[in-house]
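Pasting the structures here.
One chain, chain A, links the two complexes that follow: it is found with chain B in the first and with chain C in the second.
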Partner chain A sequence: MQLTQNKNISHALLAASCTLLGVTPVAQAAGNSEDGWKIDTALLLYSEQDRVSAVESVIAASKDFGDQHIFSGKLVIDTLTGSSASGAVPQDKVQTFTRPSGNGQYQIEANTLPLDDTFHDTRVQLNAQWTQPVMENTRVSSGVHFSKEYDYLSLAVNASLARDFNNKNTTVSAGFSYANDTIDPEGGRPVGFSGMVINQGQFSSEDAYKNAFDLTRQDGSDTKSTLDLMFGLTQTINRRMIMQLNYGFSKVDGYLTDPFKVLSVVDQSGTSVNTLYENRPDNRTKHNIFVQGKYAFDSGVADVSYRFATDDWDIDSHTVDSKFRFNLSDNSYLQPHVRFYQQSAANFYQPFLTQADPLPAFATADYRLGEMTAFTLGLKYGMTLESGNELAFRVEYYQQNPKNNGTPLPGQLQQQDLFPSVKALMAQVSYSF
Partner chain B sequence: MKKRFGLAIIVGIVATTSGCASLGVQPWERDLLAKDEMALDADSVDSGLDDHIYFSKEATSGGKAFSGGGCGCN
Partner chain C sequence: MQQPFVLEHKTGHICGRFYAMASPCELLIDTDDMLVAQQLVALAYQETKRIEQKFSRYLPDNIVHQINSAEGNPVAIDDETFKLLSFADTCYQISQGMFDITSGVLRKAWRFDGSDKLPDDSLVQDLMPFIGWQKIHFDQHQLRMPKGYELDFGGIGKEYAVDKVAQVCLQAQPTISILINFGGDIQITRARDGQQPWVIGIENPLNQDKAVKTLSLYHGGMATSGDSRRYLLKNGERYSHILNPHTGYPVKNAPRSVTVIAEHCIQAGLLATLALLQGEQAEAFLKQQQVQHWCMR
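Presenting the complex of A and B:
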């Protein structure tokens, strides 16, 4: 009994410190199979109203090879399909746009937000992580990350160190992650602020159109590097409560523009006269503070966290996330989830460009970099089966409410909904053995 | 904003560390903390899926874990 409890304690401690390090130990505790492997699987369906749908499947495995020498690995496969807001404004007439690849066009009905329906992608992600003690009360962890989409490749390494103090009630950690991403979109990357070439019969041949389109494109792929530093502190408060405080620093350099996003150029009447590809700065520095507290009640657990983030694009955000687990019996529970998120706009965000004003150095109309609030409401039901394996179901509703950042709307744009809400449903099944 | 942020970090760290020595439990008092659901990342697979969604839909990522790299969705 004592042995089991010690094992649980060491697993809990390890899980706590790994979390702190930004490393995800794929759950060590209950339900280990006889050969010592712990497998977690999950299937998630994500569906936005009229927009993107995604199916995401996860298989994660971990094993303790003894004395806390732990391997964990994860495979994620997701497929994405559907439409995404292009950044162009709705108009009182039908609009025609060229697809990002340059092959073909799509039309948007009058009084409808332009959505680009060409999104279809499959992504494969692999993670592997090794964690082990290096001296008494000190652990080191390092790992690799690989993620590949049709037009995108991400490779990352991470390493971190954690040390326990104060009878293992305090854990201090420091870690880094370095990622190198390569993007090579079909049809090439647009030249920043180049005008979208739309074939409306003005070209003498298909080749003439293709030549004009190619002039708006940059050859070859581009890269983005991300350096993350994270410092953490975990503290046991009392028999029922544990807290965590993280500071994160992130420096991103390279191609940060979204090659699929555009801005409408409008005249005084709010009528679109041109469509330009967006242009973002090539670096971004971010800071965040994350605080989490967990409290054990007699029949459940409260888990509340807050994150503040700020960056040199002037995006500040606040996130509050809370989960309350109610144990219905010894082997089943219900867990409601509430999340609230709010962000300010990037300093180069504008919902459209105006013909009268000179072109700024940078601009995006991507609502994800604009002012926004969002909330999530969710419910999870989990049960432990007779075999000791765990089965859980989760449903969540997520809604984003983009807002105007104070831009006056000229003419016909006053009659248009430039900032519609985005509503999504998620459903997930998880099985651990 | 930067100053305020720096101050918040310092206050947070000082407040937490200075309190650390008097906080905590003895090893035999860890019965509740040792439960799976009290691990700080108890729902790590859920968190991973959520992080990927929010990473691609919002301007901020990370905090609990590293945010770097990932996908071309943002």
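Presenting the complex of A and C:
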């Protein structure tokens, strides 16, 4: 038989097989073991009230090349715009600050928390991961990560080994990742605790201002390295339940200061007399323990996890996360999400510096390193389309509630809200095919 | 009486095994209920033996034996036999005569025992007049075949049994996923819960002692045709057991083994066999059919 006449043999055989077996042919071809690429796409909108908003698009692709040789890759592009708290305290009069680049100023109205509005950036992230079995019941996985922002470059490698025991009911894994980040902010990195130079007409020329500003800056870029070690244990309890226990260790060395954050120096009346750039230690060691349980009901899945993290900056945190998936039908589900988070303040966190006290070795007023609680409430609706592709919608409300870590507030600061809540809304659409 | 099959708990499923149709037969059942598994394997065993006894050319007093010994007289056939003959007819038509269930008569000349003993050409030529599906006349009730001809369902019997067993199992337990594997001819009754695949090992026909390759299957069927043990080797030339009914000689340059994935096991099996019959063009043929496949040469 000639090949040109062969084209419909497969279909003719399908029809003949169905006649022989007395069944109706299924229109869809048998997608099977080594399916083509599986693609996940998602678009996320994140908006904090009066602050940062972000648009994030994700495209992830994975392919099983057979024998559990799996490649997965991910591209994330996000665009951030808006303002973030600079660390300075609100005052009863208008305040003027120099932009982080040194080019220009911004003013903050009276009784308003200072937000730095120059915050906008585009970040591109790329991940690639390869996983394959190495011997019976053992898999290795390794990957690379690349992330680039305007003033930030991160490169990372990772590798892990997982081995199944006990008829695959127990999986033990160990892994590491190593990242090297380079930070090169526009205008240079501030000298720790140097005073913000604000041009209020005291300079004879623009050059004189520029010289004064440059004295508060360090040349060139700086780096940060992060080593993570992870150990995991996954145990199948029964047909419906699976438990996971992870321990993570993380060691960060290098430039850990946020070049955009400052502290106000206040006098006895709570009036700001100076603004200093923050200064953080150049290393941090973290430990975390994570426990997760998943239980499959007849009509859904419950997923509850708890994480405890502690570090040598004295930030201890607790996270409880729970998701409950309710299957509405064979091809749609509803998934509420509740997350609660609590952390203690870093030992060098203080909402401001006082003129009377000597400078500490390190200090930050970044509320993200202060005492706080946060919660997330979310709802996701997912459905499987007739084509077999999946479409899901997710909305979440997120609120951070920073707290005073016991610092007495002098004078006018008692009338100010130094710890306002940050409220954010997230909406996501995702599609997998 | 001792059961003709064995059952064994595996991780997340139960495996049932028996031996039939000259092949190891295996059922992987997505349940941990031993009683359910036992009923299914018993059903599967029963159905397999029924088909083997009905269509094996090696057994006396079955329909194939009646047809092959009718000496030109008409033989009454039942509906199942009619359907199998119709299927064989379709295969003959679409392969332009390359797939012919009357060509089994050639085994009188060819013995594929791994040796170098090629048959005398005269022996092959003597058999050629007894090959030709177009000489067989049948309808829903009877079949008439010239004297000296032989029918052989060997090329489709095992795949057919796999599909029939899958049907019987699906009817008995419509919500349980069951994988039926008769020596590499495979059918899954329905997808497993939670998008979990069935992971099976397939042997490398080129090196049977070596560890198998594993494959994840979600649904549908799979079949392998090949000549791992059945071949002749003379003067360095390998003669596969796939015979060309037009010449009476083995197809040249056929892959040693072809594995195809399709909706139904029997459909996959025929695609694999038709690919082997293409010889050198096996891969091109399979590519054209747009089916998932592996060829080993």
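Operating definition for what follows: the second predicted complex is superposed on the first by the 398 of 433 C-alpha atoms of A that agree within 3 Å, B and C clash if a C-alpha of one lies under 4 Å from a C-alpha of the other, contacts with A are read in each partner's own complex, and residues count from 1 in each chain.
In this section, contacts are C-beta pairs under 8 Å (C-beta built on N, C-alpha and C of every residue); 3 or more make two chains touch, one makes a residue touch a chain.
Fair warning: this is a prediction, and the values are worked out from it, not measured in the lab.
Of the two partner chains, both chain B and chain C are touched by A:N167. When both complexes are overlaid on chain A, the residue A:F326 reaches neither chain B nor chain C.
In the superposition on chain A, A:D316 makes contact with chain B only, not with chain C. Ranked by how many residues of chain A each touches, chain B and chain C are led by B.
Contacts of A:Y397 after superposition on the shared chain: neither chain B nor chain C is touched. Legend: residue contacts after superposition of the two complexes on their common chain; A:S147 is shown touching chain B, with no touch to chain C. When the two structures are aligned on the shared chain, A:N246 is found in touch with chain B, with no touch to chain C. Look at A:R307: by the touch rule set out above, it reaches chain B but stays clear of chain C.
Contacts of A:D64 after superposition: chain C is touched, whereas chain B is not reached. Shared contact residues on chain A (touching chain B in one structure, chain C in the other): 5, 9, 12, 16, 18-20, 22-23, 25-26, 29-30, 167-169, 239, 296. Residues of chain A that touch chain C in their complex: 1, 3, 5-7, 9-10, 12-14, 16-23, 25-26, 29-34, 64, 66-68, 167-169, 239, 296. Residue ranges of chain C in contact with chain A, taken from their complex: 10-12, 32, 83-84, 86-87, 90-91, 94-96, 98, 160, 163-164, 167, 194, 197, 213-221, 261-264, 266-267, 270-271, 274, 278, 281, 284-285, 288-292. Partner chain B is touched in their complex by these residues of chain A: 5, 8-9, 11-12, 15-16, 18-20, 22-27, 29-30, 40, 42, 44, 46, 56, 58, 60, 74, 76, 78, 80, 123, 145, 147, 149, 151-152, 154-156, 158, 165-170, 175, 177-181, 183, 226-228, 230, 233-240, 242-248, 250, 252, 258, 286-292, 294, 296, 301, 303, 305, 307-310, 313, 315-317, 319, 323, 325, 333, 341, 343, 346, 368-369, 372, 374, 380, 394, 398, 400, 422, 426, 428, 430.
By the touch rule above, chain B contacts chain A in their complex via residues 1-2, 5, 8-9, 12-13, 16-17, 19-21, 23-27, 29-49, 52-54, 57-60, 62-74.
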